[in-house]
């Protein structure tokens, strides 16, 4: 990739929308590389790390978080104009995040459920990925992103090659690492087969099923997997639906799975006991 | 720096930072002084709410543990811990002592990572006059490298136990989905031992920093355990005699959505108003339970009293806790024998489960109602920053006389520094705080 | 007066008329005449009644179509041996593009009204010519499809 | 009934069998360790029997057995103290002979200078303990694939040579076993150094190699009794009976290859998640991909070869798309390769009937069911096709230096390189080189001219790697491997008329053909070059085109797809230049290179103009990574395009040419 000035370092910004900050923290968690990174990039805007501010233009802009409130709509368009390469980082920015579960629900009920005065809360009815609004040049998946993939992307930026963000199943990583399949070996439902790898197969390595935080891989046969989950292992349709209703639920084809399997009815507290009166009772309806 | 002076009349000054930097999440600072008196002091929060208390409804306890971690990328373990203990308390799960030790070790990892991050990358630049640790590295490369080594030691410890440092995956009701082998932990011991030495230097370094003048008598609240420095367990105590089960936070405190600030503040029901949680509160209330290494260093600094009264000195408290977390982590590793099973079996039962643990930033309370099907029906999550928010605003008022004679820009930086002393975690706070004062009519 | 024998020989050598029964070939030669054009000379124009149908013997014809604001675009060139003006024998008998000679052109063309009448009245002739016209049109169609695929276009590459 | 009194003393014959007491198994382990070997064997980890490093008999599974079915694996306790009372688990031995990740080389770029240094391994001395018959067969298959052909994998050879194999006879079977069908088991018959049959009191030990005999001599064994021998044989015979013969292999290759359009492919793709588990669990699958491991400066890079899978969408991707874009294509590819075209390529089956792909398919797809549904048993003899050999190649990148660059078109450059491997001087027309810059994936680039001391490469900057190559300047270096692939069959063109049809950068691999013809003009008849490009500006080698058509006596016809008024030549697709031609095709041969769709149209037009399929040659583009038929990416039916091609006749390709998803 070429940049404005010959010999100049790429000017980098890191901004956030609705998110937990974990992905931008991953930048600061590159303990071994951080001081080398700042020698290859001019970090001109990164509020979590520096008080020095800039409004761009950026050669590379890392965007964390989902578009989730009215002001975000204009802000992302404006930021897109001010950067050459826009990289979304993490499940919120690439898939809408866990907060996108409200996209199936009743937004007003959501607000009222948490806030005593919902009329003061300004959020959009849906939490959506950045790519729903502007052109995205590259994306780092994951909740949070993987530090190795982040370094790979930075390296690709420096060397000008295509980042090797390989689109294959988590299973591939499991098998290479000699991790025993938790579905076959233990009967634990696992989304690894339909999820893009990059995490290093953490969940199966830790004895549990993948929960899809890197999002669906290309041509993910989520429907086939959902049928298998329902047919084997004594699971209800709702159980299967909740498997897909995770941190990347709003990405197709997981989104269709959640919808086809009944949406998020369970989140509306059907069958729930009455709300408790004590503690923060006044903060709920 | 985004401090601007807005003349509003002959003797009115506005100290304003529209977007606080080097804090977690998006917030603003506003202090208006007229005729030498503070007429407005606020920590504005404009982070977008994400409705976690609703997102967890309908989910199983283990799903909730995964979900609430996402409230905060810096202290996900704190959220997992308060949640897992709340459920285990409700279900009557007795965890293996080795699992209890591993939970503590996991928390040590988070404290190390979070405190090292805050001390060096977010806070120290204030004291030394830099805009960031990156800029600071130009003059103090070795110091920043050491900070990164400590931070890495904490992150790596979390990685061993939970797969990754941000949003680790192994915490489950009843234990862990997988526990480490002895050799995995032992392999990390040298890095922790090296970091412990660096942390000791950190205590001395932070104690030598110029502390801006500040004095107030806070009411402090934290967990306290008879045998150990508080992490996952203990009773909720205060400097003025509160003493509660960790599940009973709601008996003494409540949150309300205050229209004036459109923020859910936590406050004491006894009418005594604001209180302080976090490293300074813990050091005040549990210094005697610190690891001997940390306790001695605290004594060496002679700053115990300053930590109580001067919020700027919380950086020293954080450094002392950094030492503690590293020393305790090493002890836990040395004594570690894997549990017979990583997880004990449990059965859901309907009812209310609640618990409080000590996040790096202070007391974190969770409360869940679980229905007959084993799903969460309602949730309440009270993070430390919401409990501290009233204290922050009160301290802005206290700080005002000290800064009013300084040049405007310097004064604003000083106020920002004071806010950063709390290590506010706005992403955490936001799922229940409102964002925009100006949209209110 | 045309030399019908020479014309017949030329016709038989072309792909279009090769292999016709002798009587049919004679009948066709009877409707044919030599035709030549200079480079740049327009043979017919898009949309006009189609009156010129023939086989290129030497030279090349450019088929063009007019795109507003871009001017005439060459969509295809016709090589020796190929037919041009097939719309002369296909209703509604209007030219589908404009044709311009781009090299000195020698061709054999058929009298439009004559060949239409002959094909209506002479089943043998029609039966022999229509498949050949169909082949010509289908080749044109296939070539056009391949052109549409734009096989040599540069891949649209994003930053990565 | 055997009633003879067993001999209670004496040594076994040289090969055995001897009887080793249960308590003496540790002696064998000690002997192997004393030989400097690390022991790899079965051990229970996390509820599964995996192969891992073991240090003592205690590490072996005691008294357990496995219960396996499609998509399911559980361990059960079994009575007694048997150490091998189960079949195969998820691990296969290729983890050690053909590891999941291997560093190939390290490259650095320092200004102009580029260096590649091959990474050499010193593999550990290993002993495999407990390999089953199907696994010995799998080792033999990989031996054949990775070191039995013209090109070999040096890493595999080194690792394999350091392995000593102690085999074990199966005493039970899983529901997923079908070694009986594949002819690989359950009896252990060869391919081992020592083999064990577990009996109540100990093991029958048989030697299968010199190393095995030496070990056997040092073991505290006595001669086995006839009853023991009979007992061991009866156990394995019982296993054979248990398994039965679920798949009829006779004629399977042809039955399967005749069903490329079977609706079942689409049906199984509804269930298949294309996760790739089957391929990585398979003990014979050998497909790999190359990953660049670079530091932040990009100046130091390593190439790492990793296990890859034909089930990943990107596996068969080239610029512009994937040749197997649909899941059904990828499932068909896997099954037809494993059970069909593997025979064409390696003269053996790719499947050993171990059943791993069935058990470890997370959604329980059973290849036996799929085979029986798609290619039900009828008897046909398999046809073995000989593969033409191609030129030898080095196994490492050598660096070559750019001595000239020429901008052919706005996005295409011809680089003249010198200092290439001497093998290039012997290279032939149509061959390609794997070209690499440190940190970038190596790419196959056709050689567009051969010089005495170098080559020319014409490169279109379409992606980051090709852009970086196209941007090279004089004195810059680049890494090369080659020449690779086969040649245009110019010998068949001698005395014939030659038609060359090409488009765009497709002229590059044909330029050496034209060079050869011009140098030996009288040996060939009429030579017609039909060349198409997108626009006049996209025509390559314009000065040469002019010269070829005038001075060099070639009949050159050019056409473009779109042109401004300044262009007076033909406009239209290249086939139009000769689809009216009435020519004498009886002695004609055709070489075609261009986008695959263009080649299809050309081949069909040529056929219509009388050029037979056996004399129409095309050069194919597929995803090539290793260049020598060892990584699997470029597989096309029974061919590896890099090794068996890239030049093929239309007759050779048959109906796979232009078929979707092959």
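Letters A, B, C and D mark the chains in the order given here, with residues in each chain numbered from 1 onward.
Going forward, a contact is a pair of C-beta atoms (placed from the backbone, for glycine too) under 8 Å apart; a residue touches a chain by one contact, two chains touch by 3 or more.
Quick caveat: nothing in here was measured; it's all calculated off a predicted structure.
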item: Closest chain to the centre of mass proxy, which here is the mean CA position; value: A
item: C-D or A-D - the one linked by more C-beta pairs in contact; value: A-D
item: Chain separated most widely from subunit C, comparing mean CA positions; value: B
item: Centroid spacing, where centroids are CA-atom means, of subunit A and subunit D in whole angstrom; value: 36
item: Whole-Å gap between the CA centroids of subunit A and subunit C; value: 60
item: Whole-Å gap between the CA centroids of subunit C and subunit D; value: 51
item: Length of the line joining the C-alpha centres of subunit B and subunit D, rounded to whole Å; value: 54
item: Interface hub residues of subunit B, defined as touching at least two other chains; value: none
item: Sites on subunit D at which at least two other chains make contact; value: 463-464
item: Residue numbers of subunit C (touch at least two other chains); value: 160
item: Subunit A residues within the subunit B interface of the complex; value: 16-26, 28-29, 31-32, 34-35, 38, 43, 46-53, 65, 68-69, 72, 97-99, 101-102, 105, 109-111, 113-117, 120-123, 127, 143-144, 146, 199, 202-203, 205-208, 211, 213, 242, 246-247, 264-273, 275-276, 278-280, 282-284
item: Contact set on subunit C toward subunit D in their complex; value: 13, 15, 18, 60, 62, 71-77, 79-82, 102-103, 139, 142-143, 146-147, 149-155, 157, 160
item: Residues on subunit B engaged by subunit A in the complex (per definition of touch); value: 1-2, 19-26, 47-51, 53-55, 57-60, 63, 66-67, 70-74, 76, 113, 117, 121-122, 125, 131-135, 137, 141, 144-145, 148-149, 151-152, 155, 162-167, 169-170, 172, 176-178, 249-251, 254-257, 259, 262, 264, 342, 350, 352, 354, 367, 369, 371-373, 375, 377-378, 380, 382, 416, 427, 431-432, 434-436, 439-440
item: Subunit A contact footprint on subunit D (complex, rising order); value: 45-48, 50, 71-74, 90-91, 95, 100-101, 269-277, 280-281, 289, 291-292, 294-298, 306-307, 309, 311-314, 327, 359-364, 439-440, 463-465, 467-468
item: Residue ranges of subunit A in contact with subunit D within the complex; value: 1, 33, 36-37, 40, 151, 154-155, 158-162, 164, 166-169, 171-172, 175-178, 180-181, 183-187, 190, 192-194, 207, 217-221, 224-225, 227-228, 232
